[in-house]
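I'd like to ask you about the structure that follows.
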Amino acid sequence: MTAPETEPRPEPRADHGGAPIRVAILGATGKMGRYAVAAVGGAADLELVAELGSRDPVSAALDAGASHLLDLTVPQVSPDHVAFAVEHGLHAVVGTSGWSAERRETLEGQLAAHPEVGVLIAPNFSVGSVLASAFAAKAARHFPSVEIIEMHHPDKVDAPSGTAVRTAGLISDARQAAGVGPSPDATTHDPDGARGALVGGIRVHAVRLRGLEAHQEVLMGGPGEQLVVRHDAFDRGAYMPGVLLGLRTVASRPGLAYGLDAYLDLD
Amino acid sequence: MTAPETEPRPEPRADHGGAPIRVAILGATGKMGRYAVAAVGGAADLELVAELGSRDPVSAALDAGASHLLDLTVPQVSPDHVAFAVEHGLHAVVGTSGWSAERRETLEGQLAAHPEVGVLIAPNFSVGSVLASAFAAKAARHFPSVEIIEMHHPDKVDAPSGTAVRTAGLISDARQAAGVGPSPDATTHDPDGARGALVGGIRVHAVRLRGLEAHQEVLMGGPGEQLVVRHDAFDRGAYMPGVLLGLRTVASRPGLAYGLDAYLDLD
Amino acid sequence: MTAPETEPRPEPRADHGGAPIRVAILGATGKMGRYAVAAVGGAADLELVAELGSRDPVSAALDAGASHLLDLTVPQVSPDHVAFAVEHGLHAVVGTSGWSAERRETLEGQLAAHPEVGVLIAPNFSVGSVLASAFAAKAARHFPSVEIIEMHHPDKVDAPSGTAVRTAGLISDARQAAGVGPSPDATTHDPDGARGALVGGIRVHAVRLRGLEAHQEVLMGGPGEQLVVRHDAFDRGAYMPGVLLGLRTVASRPGLAYGLDAYLDLD
Amino acid sequence: MTAPETEPRPEPRADHGGAPIRVAILGATGKMGRYAVAAVGGAADLELVAELGSRDPVSAALDAGASHLLDLTVPQVSPDHVAFAVEHGLHAVVGTSGWSAERRETLEGQLAAHPEVGVLIAPNFSVGSVLASAFAAKAARHFPSVEIIEMHHPDKVDAPSGTAVRTAGLISDARQAAGVGPSPDATTHDPDGARGALVGGIRVHAVRLRGLEAHQEVLMGGPGEQLVVRHDAFDRGAYMPGVLLGLRTVASRPGLAYGLDAYLDLD
């Protein structure tokens, strides 16, 4: 038996300008927060200046001399945190969910008055997952058939996963733009719904299995061949390279970026 | 680029008594039939004495001196073929579908009058597939979670596959016998049916993808681990080892065997 | 993003006689030990009576009223621990490595004088892994080709893994017993050793990848088909069901059992 | 049991200018040739004007009014065929192997005198395989670990496959350009070579299994996550979409293109 990999081991993967990056983490005591504290604390080019919990005021980030805010809190308070950051010239990297189009529009208005500030809102901080979705979208127009299987731990309450819905949307858009029709399917008899959900015209299957964490396979097929792009997130360490990439990059990208894709060299 | 594997390459895997095995194939011109003609013709210990099409009378098998009948026809005529074989002392290996419990009961009555005759009816002639289902049934009681993903070409009209339904039944029976409860599942929100079908209390997902033929994965999970048993049938060559095993074994197993399992050393 | 599964969640899977099982854990502060403390402590039918570290005397187990010893220490001291247990009528479950044939023979001698005591030495406590190896051994004689791919974290110093070597041995023995020849292989040009290691005549490939823990795939192939048996251990929680099964069963199996296989219904 | 997919079913995936594409196939009676005859014959926008065998003179293509040459012959004669095509203004798509850098340089010299002619030489006509390699190269700099597993039928004489060597080269170049160091590997004990081949600093493992055709997995790992890109070629139908894409595109790309990548929207 061998040692489990319990520590996130971030490795620098991007360079930033030169100004020091002083990070305040909001939501530092949550699950993601604890991973982020270890990751930021262990990165040679980042300085962790404040670990703030749910009862701490966001102004404590300013008091601690932060240049960057990492928001890992809850949808109810995240917009206030980010608005505060923008007003005070702090760059913000946001992993909190719930940033609807309406909320993002409000934020863009706030940013207009502070054109030097950068904000990244990332529904998914996994670089591997974002790459997997982008590859699937790029490849899917070359294959008549495409389906998605997402697999998660059985404590998850919604199906399919948000990542699978976003991936299906990207694939669907790419196939429509290329004039590719729906995947062939002769099914006439499926009394119990074994064929899964249709999301944007793409079949999505959700597996729930104890032992798993967060996994996704995109299967693409044509006569005589198959292309599979699979991503496995075994623990939240998977999200730390994306968090660090965000913190290292956000100051050089003023305005709002939605999705880690914008920071990856994908085109 | 490399050579495709288009020829079935049967390899002897079982020994029979000693009497020559003279095989008449019914349905020799169908898809399975053509593979079977090549497989039986290429097996050193079998003699192919008749290749009969849909218009040939089954009595031609007798005229050709057959000792064994391989029935690969259609549900409408298969019971008559097998009844004829039993009456005339021919052992029969049957790959035709549609053998309901009622039909099998009638056949058992016919066999009672010919206790030396053996008949094998196999819903699935793939040794690998039968092993995979048996392994899954044996393992599934050791894991809190189990789900099935079956993947087929998109010309298939029914979902899930018959093999998946049988596998789910075996797993369900094994878990009930061991007192294992249902797989954990916290899903409360699944508006489009991404969680697939429930078959005997087991979740079954059906993928349809051009390029694939017939594939099945059983996923079993517990805290910190996963066990996966996967079978791939790339073409009908996959079924030939089971056909040959049936022909080589049936004479030594008088009476009716339903399922290739009976001829494999599974317990 | 979803909650990581950090806690082992053992579920009772076997019944024992009726006498209470009072467990002393030796090596309770090591990596496996901490998982075991949580697993035994969380099992309703087990009582954790002592958590002993490397400096505690094994006699403390006796003082605490233990009926069972769980030894998760190091090869240098494990034989002394087990000898002490046997002499004092404690059943022992042992996860420490280094139990050579010679050491086991000595232990069998000690057990001869205490015929009521049971000892289980398990090189691998993962029920799933043991099942996977057993299934592979059972199936491998039905396929012309078989190869093993084991995948581990890159901090592992030896290749291939001990589990892969044991699996290759089981497969090799089963194929020899069935008279199956070596896997077909036309390779004539392999200057850099891409075909991997030959272990008992079976090809074994070792992958080392950050993010992985301990994984193994056995691939079996014949004309037109493939059977894959894969086991994934994501963390040491994977070994706890086997530890608990051992503790619940060992009292009813006097003498020495080597390998968890003996406690599983595999034949 | 379900119908095997024996017919290539090409589907148009790209548009060309408007001039009719009249194709002469050289090597039409070989394995690839027969698939290509069916694919070109079945494409509504292509006209198959000549099926030439090994004894037919290449000039027969001209006599048949071909505008495009598809060369699927052998390394000994392919350069003569392509030189003839270039001299006579035929566009050429070439699947024959053996086009060394030296041969390609000679061809570029010939093309200089015929600037309107396009030639595509493709070591791999599978769109899926080319996409898979490109994705792997793009992603591999984001992960500390990367390894390649290629799997083929056991009649293959060389290991690793040419595709795996090319993929390793692309990955190696991408990682060097990004300043990524070698994959972590603590292995100190590997007496039988289980760790496989090192190709451009990337570990490559070659599996040979009856039932398989041509498959490749690139595994990329970082703390807590894995990204897998897998391609399966089940039969030569897998190469037909690439052949058709080549024929439809080559006239609009004067000069020499080496590799199908040039015709795919990969950047």
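Should a chain be cited, it is by its letter among A, B, C and D, assigned in written order, with residues numbered from 1 in that chain.
Methods note: a residue touches a chain if its C-beta (ideal position, glycine included) is under 8 Å from a C-beta of that chain, and two chains touch if they have at least 3 such contacts.
Note that this is a predicted model, so its numbers are computed, not measured.
At the interface between chain B and chain C, over half of the residue numbers involved are used by both copies, so each side presents largely the same positions.
Greatest centre-to-centre distance from chain A is found for B, with centres as Cα means. Separation between the centroids of chain A and chain D, computed from CA atoms only, is 34 Å. Computed centre separation for the pair chain C/chain D is 45 angstrom, with centres defined by C-alpha atoms. Counting partner chains per residue, chain B has residues 5, 9, 143-144, 155-156, 210-211, 220, 222-226, 232, 234-236, 238-239 touching two or more of them. Partner chain B is touched in their complex by these residues of chain C: 5, 7-11, 13, 126-129, 131-132, 135, 138-139, 141-144, 220, 222-241, 264-267. Chain B makes touch with chain D in their complex at residues 1-5, 9, 31-32, 95, 124-125, 152-153, 155-156, 210-211, 213-214, 232, 234-236, 238-239.
Every residue of chain D that touches chain C in the complex is listed here, in rising order: 143-147, 149-151, 154-160, 164, 183-199, 203-212, 219-226.
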